[in-house]
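Across the two complexes that follow, chain A remains constant while its partner is chain B and subsequently chain C.
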Partner chain A sequence: MAGSTLATGQRTLARLLAPLLCLALAGCASTPLRGTGDLGVVIERASGSVQIVDNSHAQSLARVQGLGDLSHASVVFSPDARYAYVFGRDGAISKVDLLTARLVQRVEQASNSIGGAISSDGRVIAAQNYSPGGVKLFDADSLALLASVPATTGANGQPSRVVGLADLPGKRFAYALFDADEIDVLDASTPTAPKIQRFAHIGKQPYDGLASGDGRYFIAGLYGEDGLALLDSWHADAGVRRILAGYGRGRQALPVYKMPHLRGWSIAGDYAFLPAIGQHEVLVADNRSWAQVATVQVLGQPVFVMAEPGGRRVWVNFAFPDNDKVQVIDVPTRQVIKTLQPGRAILHMEFTARGDAVWLSSRDDNKLLVIDTASFEVRRTLPALEPSGIFFSSRASRMGM
Partner chain B sequence: MDSGPVRRRLWLLAWLAASLCQQAAAAPAEARAAALLQLLHKDCGACHGLSLKGGLGSPLTPQALAGKPADSLVATILNGRPGTPMPPWRPFLSEEEAQWLVQLLQQGSAR
Partner chain C sequence: MAGSTLATGQRTLARLLAPLLCLALAGCASTPLRGTGDLGVVIERASGSVQIVDNSHAQSLARVQGLGDLSHASVVFSPDARYAYVFGRDGAISKVDLLTARLVQRVEQASNSIGGAISSDGRVIAAQNYSPGGVKLFDADSLALLASVPATTGANGQPSRVVGLADLPGKRFAYALFDADEIDVLDASTPTAPKIQRFAHIGKQPYDGLASGDGRYFIAGLYGEDGLALLDSWHADAGVRRILAGYGRGRQALPVYKMPHLRGWSIAGDYAFLPAIGQHEVLVADNRSWAQVATVQVLGQPVFVMAEPGGRRVWVNFAFPDNDKVQVIDVPTRQVIKTLQPGRAILHMEFTARGDAVWLSSRDDNKLLVIDTASFEVRRTLPALEPSGIFFSSRASRMGM
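Now for the complex of A and B:
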């Protein structure tokens, strides 16, 4: 009797312990604990995949597949930097777990999309769409639709393509309407019933936008005229004003074989560095008065103009047919101090959080380059399938990224 | 009454001329053809989408291009469209190459 009770007790104990033992073993077998602060996502545009990379050790950790059409893609991160939200060209949002390297969720929310942003509190994902034009808000955990905000133009309510979506402090987003010459600010405090503030006639054909690192300013680049449109969100009632107007000074605009991208760190110290459009120049503006201070001649149509995190230098890549080159501008002297030719079709640049290295993607050479920003030497190259955007998780704690 | 056969012959001539014109877009040599397709999907694709379904640029699918005269599409590629972001590609493409690309796009065989 006593023996059988003991045996039963042992069996029960074994039954209780077995799953624990499995868990412990599984824990040992899987990767050790790690943080996500030095991880990143690289878009592989043709194969619909992303690589998860570790920028402390300049290595690739995993490839995640099944993300659809990534011919244009952008990425934002959850506040804990564990999840990457990838916005694809086909209108899908894919949520990728950086630690388990798995696609945890995917929603197809539009037919043609260009990017998105995450709210300041990390609760709301906003997607900007070309077709149908507008902005949609999603719950960041479940990706459930919270609200759909159409962007319309004209009396008959033609849908407009939405560009330049960026997060502002206080759960707000700013974006521009390419077909309506408008900047809108969306307040997602109540994400199921967002409030929209509209600014009309901001300038012709806004093609992209950026928020300053402090989230105060939103700037839209204009394709249809020489100049940019600036909204000071501290004084939104004062409206949108034109800055750097007439930078081409009547010169013939050169053809643009790829539209510049404004998003990124283009504010270095007291100055903002912005791509001219149709001129092979980087425009330098005072970042409080927004008056033009200088122009820096570069070798082609700038696409990304990105300041190193320390603000001392600004790196520029170029549109076709100069997309095999990168130039580096010294901020104090506003001179090009280096021209690199790192590979064919350099589509993007991303700095490590404190700027020790910059990663470049070379689409046509199927590689990533890790370059030492102090020596300009290539520390490492990594294979990748037609890589485009590179996004490090340090963006998780920055505004306007 | 008599014009029936003449008209038919005219139609036949027109049809022959049209098919000759279509064949005028001769395929470039293999290596150049591959480079042009790369250009189409990668560089045109920057605005028109990798799968050419459109973006900031309009869609280039056979449906979207149906009924548009090939000549005007060729002219758009070579000269761009003033007032829009479409740039002139003449520095990088010959007229024959642009015709070949338009033909592929309209047939939906630009892969």
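Now for the complex of A and C:
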């Protein structure tokens, strides 16, 4: 009787404690304490999933599924580097907790979207949309809608598609209106009532844009004509001016296998390195005058042209049929010093924060490569499902992302 | 009887479970899951303690004690932004876990030290020492000694004091030898057998140094003569050259209340802003030619001259008797646009990663101030014990720290 009572008592107590204990243990066991400064997100485009990786130890930590159409996707990070916001092609924003490897929130905010950004204070997420066009602002914690900003109506009566969205200092965003030949700067200091500064007639069909690393300049590439449109946000009253008039497809309409990403531009030393369109060339421009000062011959049509964080060398990947190769340019001599053939369909490159390694995604070989930038040796290969973009959490503290 | 048995059973079970439950709960309760990208360390110089702060929410999280003499201290971070390495004046390196708020390791490695750095891959901690001189390398995980690098013997037969230590890309460090008029570059690729490249006769008594944000340039200030010594690490064979010949104390030996910190230098736009020595001036130099192009009059002897991350404005604090004031310079117009009087003995300033706020330490008012850089309003005041240096974990991904 006493034994039975004891057993009952134990069971009662155990029942009482079990959930608490399980909760406590599960909370600890599933989420070991760790810093978040060296994490990363790899887009697995075909499966709608992302891998969470650790770039200090070159290892995969987890896979998070259910993110929808990631055929074109980009990622920004919360200031604490705990959360990744994944912008999918299908217009959804997915908020992923990198510590628990959970999809904590998902908002379908448009039917076709091309990316987004996070405000300098980390409180506002901005999404740029193709269909319907315009920009939407969301609370970074809850993903609640704060404001919907229609873009200038295009010629067809539809809101303009929005491209090139980038964060600027002071809770601002810059972007271009493809159908309205316009660059806008949005001030999200009061995110429910954003202020818009508009610059019209900046050139035909801006198709992408980028901000400089200090968030001062915004540059839009033009699809409808040669040249680029530059806004110096320190001197916004002076308006937008045209630079690099020779930049574009030119009179000889060469076949362009893949429009280069302007986000692949790089400032290295005193120069900007940018992918020529349709040509087997990387162009070098002075980052003060924006005049072209040199051309570097490369083996194919460049897509991403990315400087190591120290700016000493620039890495280039290519459009089909040369997308199995990567070339490395020495910045002072402007010579190609290395050609690598790391895998089929190298879609993206991402450097560790201080440049000791570069990660490459090889979509058609279903792998990630971690390459030592000092020796060019492959330090590690990791399996991945048709990987495309790679985004490291050190972006959390950078501008123009 | 049954009740007593039940109670005994419960007690037995509770005794059995209690440690486990406490461990589990304590593990979770004391260390809630959080990202580490927005943390910071504040030096409390008189009490040998540091505060761990959260710069997203402008709040203090914990105090860690027992770090020794922090009368001159600096901090670097592990790549995952979880650990802070605090270099104290007494030659000790203290490794602090920012998540658990624990001092996890402490090594007394010299009797007098002036700071340290972490290698670009995060694996090696380097300490620069006054007494005995030289540089020591430590494993970043264990703080085990990897190499002791003697500095060139000075005139008095002692190893030279080492100053200005900064990390460069490619696991290298640059530093200056005060007693040997030398700049050295150390390659820690094999940290147990570092390689040293030496540059002699660079100028009299280099007293501090800094690296540019891309880790390309290393500049040493000279105590024994005017001008500065510049090493372009991309063209190391060209050696060290002298720049800004007029920079220094000059012929008129003005009283210098506090030698400015070179680490306070800033590149903003195309210019470097630097504190004049002994003068009430901030000097502006072209960051390509390094020629001085302008002078900005300020209210006292500048100590730190720090650009907002976007480079649009430069903040200046001052030596005694003006160390209760801070001035803000507009970069394009090179005009002082604001004078603040935030507290007594403003010793340091640190911007949030993308510049929305700046934190100031007011030693003599025992407080930290969090100031909104857009409005100049004090967003929050936090108590602190004679605070000096403030270091945010976004430094983990930056070079030349």
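Heads up, the rule we're going with is that the second predicted complex is superposed on the first by the 357 of 401 C-alpha atoms of A that agree within 3 Å, B and C clash if a C-alpha of one lies under 4 Å from a C-alpha of the other, contacts with A are read in each partner's own complex, and residues count from 1 in each chain.
The definition used in the following text is that contacts are C-beta pairs under 8 Å (C-beta built on N, C-alpha and C of every residue); 3 or more make two chains touch, one makes a residue touch a chain.
Small disclaimer: the values here were computed from a predicted structure and weren't measured.
Contacts of A:363 after superposition on the shared chain: chain B is touched, whereas chain C is not.
Of the two partner chains placed around the shared chain by superposition, neither chain B nor chain C is touched by A:200. By the touch criterion defined above, A:79 reaches chain C but does not reach chain B. Applying the stated contact rule after C-alpha superposition, one finds that A:131 touches chain B and leaves chain C untouched.
In the superposition on chain A, A:337 contacts neither chain B nor chain C. More residues of chain A lie in contact with C than with the other chain of the pair chain B and chain C. Overlap of the chain B and chain C interfaces on chain A comprises no residues. Note for the complex: chain C touches chain A at residues 1-2, 5-10, 13-14, 17, 20-21, 24-25, 27-28, 31, 33-39, 55-56, 77-83, 98-100, 120-122, 167-171, 189, 214-216, 234-235, 269-270, 288, 308-312, 331-332, 352-356, 374, 393-394, 396-399. Remark: chain B residues 38, 42-43, 45-47, 49-51, 53-56, 80, 83, 85, 87-88, 92 touch chain A in the complex.
For chain A in complex with chain B, the touching residues are 45-46, 69-72, 89-90, 111-112, 114, 130-131, 161, 163, 178, 205, 207, 223-224, 255-259, 320-321, 345, 363-364.
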